[in-house]
């Protein structure tokens, strides 16, 4: 899914960086922390560490390493996530039952595979390396996806603990929200999807044409302060604001705020990876489901953007390449979205990458002409294209240089444990003609 | 949602026709048959008969009839389907517990409301009538929707009975499938959605532009014979053909054929409203879910059409108005899709209306610029726009003159009790440019 | 299970009486009423009517009637309740899905089997009749059990209906409770279980010895007035009064009163077969589970009697045979427990038969030496001897002459839809010796 | 519940022994092993270690230690098992979500409470100590109960791991079963329950009289070899052998062997704490539910003993005190029941303590005159007296000197993760009199 050019040393350097970053994220966590699965969507930290290793072992070493043998036969079964063509796999909701291999044993597994991948890259001839590069690069991005999941998952695990443990870092100072502005976008027959030689996942292809009526996007994410207004206005109790499935979920699960918010003596606090703190009004709201995002937009008299609108607007704003530079994402002190701050460098759209994944109004469906690659790698994305919505941008837990313009993230409508937020849209409709009933 | 012109007598005539048709459909059913709810999606026959009456009582009589009083206070609660703004309502999965009012009592309720609606229409002045006409016409289409549901629902109820009861009618003679052909469609910037003065539901609006690459549609529905091939080729056991949610559902519910098929001594039989008969090879397959339709298309190396592609192709084929004439739909002897037969009258697309609702690849989302009407009627369609897929066309259970070009039917991905089938599509993708990786 | 002597005419007369009584009980119910199953424990009226008929067809006609053929092959499958040895059977929780045979068809089935049983009895020679009599008599008692269940079940069905339908009869006048007295019983080595030639179920055998320390029993059932006191004293909120399973059930199901009580504007009303009326203080409380009965006894500083204590006390009170006379049980106007009234005829224990089934402290286990009979009839009682508690006496819904001294009724700890009440016990413990820690 | 006499030094010595034994059992387990809860019945090892500590902190230190303060406020909430009167408590099925305190932190908690209990015992005056001794002794027995549970629970945790980890120890050599003999017991009016000054739990009181007809007990437990015969004879497929609830459970959970047995290439293996090994024919079968035990007895033409029969037979056999000596129970190499071996020392009943807990035919109900003690300690046993069956004896996981003659263990009918086995009984019924129908 990429035609980037890598030579062996740069590939190894990048491999070492990506692998080391995973271990850096796991370092603050005890063996006990790394073992637990607090709900079926969550995976244990040590499972993440092992699974991304299994990915390199299965898709890079197997079939390419001379005399290949798996590090441990049963890891083959234990650390397969969802690849049916690779063989049977361990039941997902039971990942938290596996006490062995322990956190330390997983480290040994990682070290072994690291060494063998380095060795393989160093010894392959140029043609063989070129053939394998796309898979190794996919392995980098795959591991980065799990780095983000590792943080989302451990946030959930620790939030369930009455001792309110802290993962790392420090909270933002309390800030007031900046005013929200609107960016007008012209639309027309636009192109959407990945192009060029750089890396993309298969689901970002093929690039194709879409028709967009003129529309506008909010220049920042919805804030906690605005969400508190929504709540105060009965947002969670008024069925007319909600999709039917949404209000059913609100009632079934007793939602009355974003996921990690708790009311204590009339004050709303938020569980974060830095501990539990009063909700900070100027920061973007996070951990809301699609249903909540959609209800909020209805309440605000607006709507969510489609993914085409989002992508085209970011291009039009000149931020197509902004994410690659990484920015504050490399700062390990921040595991929380930041304030919008002033727009700069001539851009008008703020918080596009690196604060919260932004729910769109688009179902996660294949682009016209999409075909998954042959073999097990074809299971990477395509088979999940139902009952999910697309999110765009990136979030404060996304690894440096991982977020990209055409990246299609996706979660079910009711998911809240990912770091997901809201950007409003408006317009985009055909101009009504006289006599038409709206 | 319509600007049709009706005078009082034509409105009353149509009202009487629609109301009588419901009773005609219920006539073969005993009081016991009319009482049962065989699963949460199904409603009892007498509930359908009462609910469509409640619709006229609530939205037409209340607020317009002088000295309005409900026929029975508690019916207000019992026969509200899902209108939150009208007040609390009886729990949907418990509709089968309500033995009283009985089937006969529901007939009395219907007669009372019929009489009052006729009286109201006869006595309103022209301006008042004009204002109310759109709601009365919506009531016609609402009742027709429930006529179709009544048949789908009683089919499910009777299919659960070991005595294999027959509703009515007679089966088609065994036929062999016609060959499947393909209709090429040019695409471009097309318009989709209802236009003009005739009736539409709110979800068919506003008419808007979409970009379509050139594509082609099968000229008939997938047949039972083709489905048997899919089954024989391991269709229900091969995860690589399925969406992840789809294969999970197949396994959880033990699907190995369409809903009403049962294997008996190696022969596949089908429960129909005419009784249980060997599967007829030349008829369209029915009662398959979106998941099955999508897996079948993957197996066939094809795909499902989007709803825009479907609508535009039917327009291009000159069948935009065909449904209104009714055709064989008026024949009460047939409650089952028929064979494709030869294309005629210069049309190339066969079985467009009146055999099986056709699954599309489009999520049921609002059209750009969609706004539901104010008030309870606004709950009619909009709040269901999540986790469902659009179906187009109509089916053998659709009431005469109810199917229309721009009609958007919708069901969840796993639904099978509706009379749903498959039409294949192909093409529609951007032409790959040199160097692009598909 | 009986050595009673019957001649053919008396057997036929009794058969006709029992069969007619079932139809009398079903007469006030519409076909719709007779079709519905409001929860898995409940069976539809027409199922009861058919199942007791199936019992005679299966266990009396089959194997004895010359040229036997079932009335309808599939009824064999549909109306088997739980006899594994008779063959596969229709799923119990789905009994409410079976619309056909309808109520009228079940009547035809009943008539046919009635005629054939009469014919068989009339034509058998004396030896053959003697051999068959025990099974026919079991059929009487079986049908009477279902007569009681029919009433309990339809009470539940009608109670779920917002229209609050009435089955039949009229409520008691409001009465105040009589004072509760205590009857002292000596105990010692007593005998428990059925003896003699009359009918009993297999679970009442063999008669055997038990040791009882001296104890006492309340001379009447706990009243609604006493239950209101329990509720007012926080009875349903105080875990220290409850078994652990009991309080868990209270919380899971939101119990705060007996099953059919509803609070309306601060007044407690009760759904009865006569309609919905204010709770009558002097009547015995009914429709409470074992958990509630046990918690009430704890709250009152008392306990429930064992079944041995109950049976021995009734014998000691001279009421061993009282039930057979029937008394007010024959009065079809009363489907509700009555007030205790004065003790009479030299008896001291009131409301022993015919008001509420009385929860005991005894698990429903086999008597020492119990063996179920061979064949399908052996499944009648024995296989249910786990997770249930014994109830003694009878209730206002029990058929005339059906209640008996040694009768062991049984329900799970949490059941409330049967007409179950509470009689308190005290004493029965070993006299503490000095130095023992109680 | 005891009037034993302890002086301060002997109390402290015993305290140290009991506390050290827990840590010895946990020593082979990694922090990850100690964290996981593999099903709701199971508790994590570190939870057991903390909860028994909380018991001493709550019931011994609080109210007695001058200037008492809990070690950590929230441990109060986290490590309360089920004492409603002590306050709210952490949800039981979520015990496996609590990663902190970790295994090491729990050690610190244990050390702190150990020190404080020793200090308290050393400084109390004689009267105060005497008053507290019964609670401290209860704490010993409570911790021993959790020692056994810790082993049962970790066995389940490790058995779910595809790596098949070993806890400790080594398996028995393969042995063939000894022949089973029968011990005749006379019965009559016997006494049952604890007596004398030694320790007992409250549920073993009061000692009381029961009537027993003459009966006999098997002189050893049912073996694996016999269980294989039962399986080979269709034991798990024949409903006529089972209670109705039992066969329903078999079908719902797919039982076809004892819990830890797995079939591999036609050979039955067993997961044990020593690893996975072929089923050893001469050892007692373990990890069978009451339902299975009862079905086996029916298949064998026998029955299970009542708890009174069990206790009286052991007394009659002269083994009333045998358990206190401990025997092979102190051997930490054996976590598995052993072969029956020859009867010795004049006893005839083998494997009475220390192999498998023995299911009885007795419901776990209060003895006549049972009253739980006042306060939170009263919640120890009494509130669980429903829906459970009594087990007698002890098992290979029971701590040294913990098993006793009158000990009443209890589990629900379907529990299999405890080390539970089967001893058959026969007789015990009244002698039939002529004319009685059995």
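Chains: A, B, C and D, in written order; residue numbering restarts at 1 for each.
We take it that a contact is a pair of C-beta atoms (placed from the backbone, for glycine too) under 8 Å apart; a residue touches a chain by one contact, two chains touch by 3 or more.
Computed from a predicted model, the values in this text were never measured in an experiment.
Trainee: If you average the CA coordinates per chain, which chain's centre is most distant from that of chain A?
Mentor: Relative to chain A, the chain whose C-alpha centre sits farthest away is C.
Trainee: At what distance in angstrom does the C-alpha mean of chain D lie from that of chain B?
Mentor: Using C-alpha averages as centres, the distance is 60 Å.
Trainee: Taking each chain's centre as its mean C-alpha position, how far apart are chain A and chain D in Å?
Mentor: Roughly 48 Å separates the two chain centres.
Trainee: Hunt down the residues of chain D that sit against at least two other chains at once, touch-wise.
Mentor: Residue numbers touching two or more other chains: none in chain D.
Trainee: Viewed as a graph of touching chains, is the assembly arranged as a line, ring, star, complete set, or other?
Mentor: Shape = ring; chains linked end to end, path closes on itself.
Trainee: Along chain B, where are the residues that touch chain C in the complex?
Mentor: Contact set of chain B toward chain C: 30-36, 38, 46, 74, 77-78, 90, 94, 96-103, 157-158, 160-163, 165.
Trainee: What residues of chain C sit close enough to touch chain D in their complex?
Mentor: Within the complex, chain C touches chain D at residues 1-3, 82, 84-85, 189, 195, 205-211, 213, 239-240, 242-246, 290-291, 294, 361, 363, 365, 368-371, 378-379, 383-387, 413, 428-430, 432, 435-438.
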